[in-house]
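Same chain, two partners: chain A is paired with chain B first, then with chain C.
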Partner chain A sequence: MIGTAIDTGILTNVAYFASFAIVYSVLAIGFNLQWGYTGLFNAGIGGFFLIGAYTAAIITTPYDPPTVLGGVVIVPGHWGGLSLPFVVGAILAMVFSGLAAALIAIPTLRLRADYLAIATLAFAEIIRRVTINFDTFTGGTNGITRIPRLASFEPPDPFASGMVLLGVGAVVLLAVFLFMNFTVESPWGRILRAIREDEVATMALGKNTLLSKIQSFALGGAIMGLAGALFIETKPYLDPQDFSPALATFPIWVMVIVGGAANNRGVIVGAFLIYGMEYVSVLLKDYVPSNTIYYVRLMIIGALLIILIIYRPQGLLPERRRVLK
Partner chain B sequence: MAILEVQDVEKSFGGIRAVDRCSLTVEPQSITGLIGPNGAGKSTLFNIIAGLYRPDGGEIRFANQRIDGLPPYTMVQLGLTKTWQIPHELKKLTVLENLVLAAKGHHGDRLTNLFLRPLAVREDEKRFRKQAQNVLAMTQLGPLAQEEAASLSGGQKKLLELARALMTEPALVLLDEPVAGVNPILASSLMDLIEQLRQQGRTFFLIEHDMNVVMKRCDTVIVMHQGRKIAQGPPEAVRKDPVVIDSYLGG
Partner chain C sequence: MADPSATESSVVTGRRALRWRPFHLTAALRKRILRGLIVVVAFVAFVGGLTAAFGINILQYTLYGFRTSAIVIVAAIGLTLIYGIRGFANFAYGDLMTLGAYVALFVNVNAQLSIVWGAITSFFVLVLVGILLEILIFSRLEGRGPVAPIVASVGVGLIIQNGIYVVAEAQPRLFLVSLGQEVTIVPGLGFSWLRDGLTLAVGFSFMLFIHALLTYTNLGKAMRATADNLELAKATGIDTKRVTYATWALSCGFASTAGVLLGLISDVQPLRGVTSLLLIFAAVIVGGIGSAYGAMLGGLVVGLSQEMVVPLLVWLGRPEVLGIPHADAYNVAVPFLILILVLLFRPSGIAGRQTAIVPRGVVTGAIARARAARRTRLAASGAGRRGG
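Here is the complex of A and B:
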């Protein structure tokens, strides 16, 4: 009995680790569509991730009114509280993140490429600040609690919960992976790769490149929203700090660059590898001070990135050449 | 009835007047040459006609329809395609992909069709791959079909430019120096191909510096100088035109 208890403990840990890595894989696949395939540099991944997570949380959580004590609001609560199923939350998360991406893409994609990076960087920061400060809506720094789990067990069973989460995560990742491969390996996806190589030439070959760019960016944003919906299931409560650039934008770039831009298999490998370093650092926390391990991890990632860019700029699994029969 | 009419077109960049009230016409099923010294505004004029630059003034008609101000992809849909002086090959796409991409009216170009009309997408893809293979054979690029476009030589990239343009089923092709950098034997067979395509009904309007090619292959030659047309006529007449000799051909 003791033996199995230890085993499920480790397995539960691994399940949660893998679930986080799956969330980042989905985020990275969204960014890969935008940047790896279309050449659109999104510097505000965290913003679209946040919109998805908060949309899903507000839709799936129960009613949460503000807690008032002697006329003072102690806990702000948050809007929504519709108690709807996860699937509804996930779909609306995709819709809202996709719409946000389209709204940013429509004006900025007419301009030179750099403006998209500037606009998305600013957007993500604004949306995060608004989330922190507009606390009657979002719960502010208190975050959103009482997120319903995908399945609840009585008595609570962390192992079973972890397995359900991992199972749902794996299904979502597989669906996203297959859907994306179908879309990017299509004639439409070929236009995206052509835009990445030379947009003016693509336009001069009769393609409405602006439309394709907006579609690619919005679809990528929607996938990031889906990652957000999945993310809330992995967390005890939703915290706006989880969406800072350092946690939700920069690591995604590294995952895609390390794994291999324009190769979704590579991107998943990159996500597990980079997030895996975080997991290892958590395992080591009993032996090394957590501050030290945090900085050592960043140094290792930095060194890995430099080595890779010098010796293997195409990433671990590079883009394939398409042989058309 | 001219297939292309350019009327008083103007374009300035800063203080430089690249195209200065230029007017010219191109007859259908002709091979029309556009010559002139460097900086005469030839490539700029091509870019304006193809919709890549918006003219400051003037009108352009293609097959009796006003086209100035329309976006470049619309020009291609109407039947007007341009190639580049400096090849714009899509580097990481294969030669075959470069061609299939250019196919006109592919159902799969629309994102929604991938899900709503998958059969039409698959049929188009099959048909256009076959068509692309034929065009590659015509342009002697067949053996390179599965190579990345980046790996082609300079001359081969020029062939790719023409091949890609042909995939768009154009009525009028604007060729910006189609044989510059192509070896003489290949250049000659390329011009034979253009002649053959003209006989099938297409019109070619080309910029070229090689006077042998221009004099031998073109029905009409237009000479530009300082942004304006200074002569238009059959090669023999243009060659003897004193204004042309003075400003371009020399003594």
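Here is the complex of A and C:
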């Protein structure tokens, strides 16, 4: 009896770990489309992730009015409360994130890569600050709670909920993975790779490179929005701090660089490896002060970024070489 | 201003005299000074009008704006120099500023020395850090495009920022300085010698220093040449390696001073630098990447607009107007808006030269086509006149 309890406990832990790793894998696949295949360096992954998560949360949660005590707002509540099903939330999350990506892409994509990086970094930071400050809309630092789970059990069963979450996550990841592999092998994907290698030559072949770049950036943003929708099901509540660059942008870069840019299988491996590091740091919490381990983990991510970009920019699983036969 | 004898005498005495005359006014320079004067007069009239309409606190926000601008200018000059020479955006710059502030804090608080010594020590420590960064990391990424060094610089930033968290704890700290009494010029307009006076003085002297360096020294000229065209600079015998090290040293030294100033007007904490990074990037891009003078102009535009928009936002935040909660927190979005507008309409910045980027956007493309058509028309009519 005790044995099975421990077993399901460990399995539940692993299921939740894998669900987070799946969320980051989806994020990394979105970034891989933008950077790995098209060469558009996005420094605002957290921003698109945040838009997806908050869109999905506002659409799926029940109405949450502000708590007022003696004329003073104690808890701001949040806007929305439409109580719509998760699928609607996920689709709208993709739509809004994709639109945001297209809007930010239009002024910056015709410029050099570093302008895009700065503009997207600024965009993500401003979106995050608006989320924190516009608390009647988003709940501010209180975040959004009471997010409906994918499946509810009576009495509450963490093991079954974890398995449902893992199952849905795995299906979504598989769907995104297959869709992306199909997309990048299509003629459109070929244009993206051509843009990455030589944009002027692609233009000379009569391709509308700007349009393809905007499409690629928007599709990548939409996938990040989908990751945001999955994320709210994984977390007990939504907190704007989860979308800071150090937690939602820079680790994704490491995942893609470790796994191998322009290789979706490698990117998923990278996401599980890097998120696995987080899992290990949680396990180590009992032995080391938790704040220190958190900061040391981010320092390791920084060191990995430097070492990998200098010595192994192609990653563990490099891009498949395509040779003309 | 337009002194005709100055130009004539320089022609008579030859090139030597021309080179050593610091205030030689060419026609182009006169035009620029006139334009600058017009902008200054318009700005004074604008602020004066606002003050007359909304009260004295507009002047207070203008003073805050100049104070912020001074810090942003010092930081933006450092960032733009290395951007121009090495061709990448240093995302670790905000964290280098924080590091500078913490080194000064260590000297100031733990070693009980004056903040001046703290700032000087911090300057030289950061100079060493800058040279080490180039030797250990960024020299290995030469010729790899702009993205690889950006990724590496983010790594450097993460290491510095979290290293500070581990070593120095997260809570905000203050420099050991006596802030002095705030002088009330008019009721509602206060002036602090330390926070306003010192910041403005340091900002101004750094601007003069960089102007003198870039104009009158061989190092400055070599820096400008290297930023302009690396291959050509190498071919003319400039030791570009040395220039790169010198630029890293200057850039990081400026970061340290900006960090100390930022710590003086607020407090020292691990995220202080990185949160102002976007402001500095905005100043650099608005001014035109690689141009120190552009950074000064961009810093002024960005700093003033960020602070002077606060009263407007406070007004918008009132329940009877728009009722946005915490409206004044959105002032950080203003530099970003300016950045986007500049990227849309003049990607090379205010002071930068037009690059070979062809505008192909929906809006900008139409404008560019109209301007090109007008230019062709003018050229054609000019040629026609000359022909006739």
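By our rule, the second predicted complex is superposed on the first by the 304 of 325 C-alpha atoms of A that agree within 3 Å, B and C clash if a C-alpha of one lies under 4 Å from a C-alpha of the other, contacts with A are read in each partner's own complex, and residues count from 1 in each chain.
Methods note: a contact is a pair of C-beta atoms (placed from the backbone, for glycine too) under 8 Å apart; a residue touches a chain by one contact, two chains touch by 3 or more.
Computed from a predicted model, the values in this text were never measured in an experiment.
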Query - Partner chain(s) touched by A:Q215 [first = chain B, second = chain C, both, neither] - result: first
**Report entry** Which of chain B and chain C A:N133 touches, first, second, both or neither
**Finding:** second
Query raised in the report: Between chain B (first) and chain C (second), which does A:S186 come into contact with in this model arrangement: first, second, both, or neither?
Result: first
Query - Contacts of A:L305 with chain B and chain C, given as first, second, both or neither - result: second
Query raised in the report: Taking the superposition as given, does A:R321 touch the first partner, chain B, the second, chain C, both, or neither?
Result: first
**Report entry** chain A residues touched by each partner, larger count belonging to chain B or chain C
**Finding:** C
Report summary line: In chain A, both chain B and chain C touch residues none
Query raised in the report: What does chain C use to touch chain A in their complex?
Result: 88-89, 91, 137, 140-141, 144-148, 150-152, 154-159, 161-163, 165-166, 170, 278, 281-282, 285, 324-326, 329-330, 332-333, 336, 339-340, 343-344, 347, 357-362
Report summary line: The residues of chain B that touch chain A in their complex are 50, 52, 71-73, 75-77, 81-82, 84, 88-94, 96-97, 100-102, 104, 106-111, 114, 121, 124-125, 129, 146, 148, 164, 168
Query raised in the report: Okay, in this complex, where on chain A does chain C touch?
Result: 35, 41, 43, 76, 106-108, 110-115, 117-119, 121-123, 125-126, 129-130, 132-136, 210, 246, 250, 253, 257, 291-292, 295-296, 298-299, 301-306, 309-310, 313
Report summary line: So, in the complex, the side of chain A touching chain B is made of residues 182-183, 186-188, 190-191, 193-194, 196-198, 200-209, 212, 215, 219, 319, 321-325
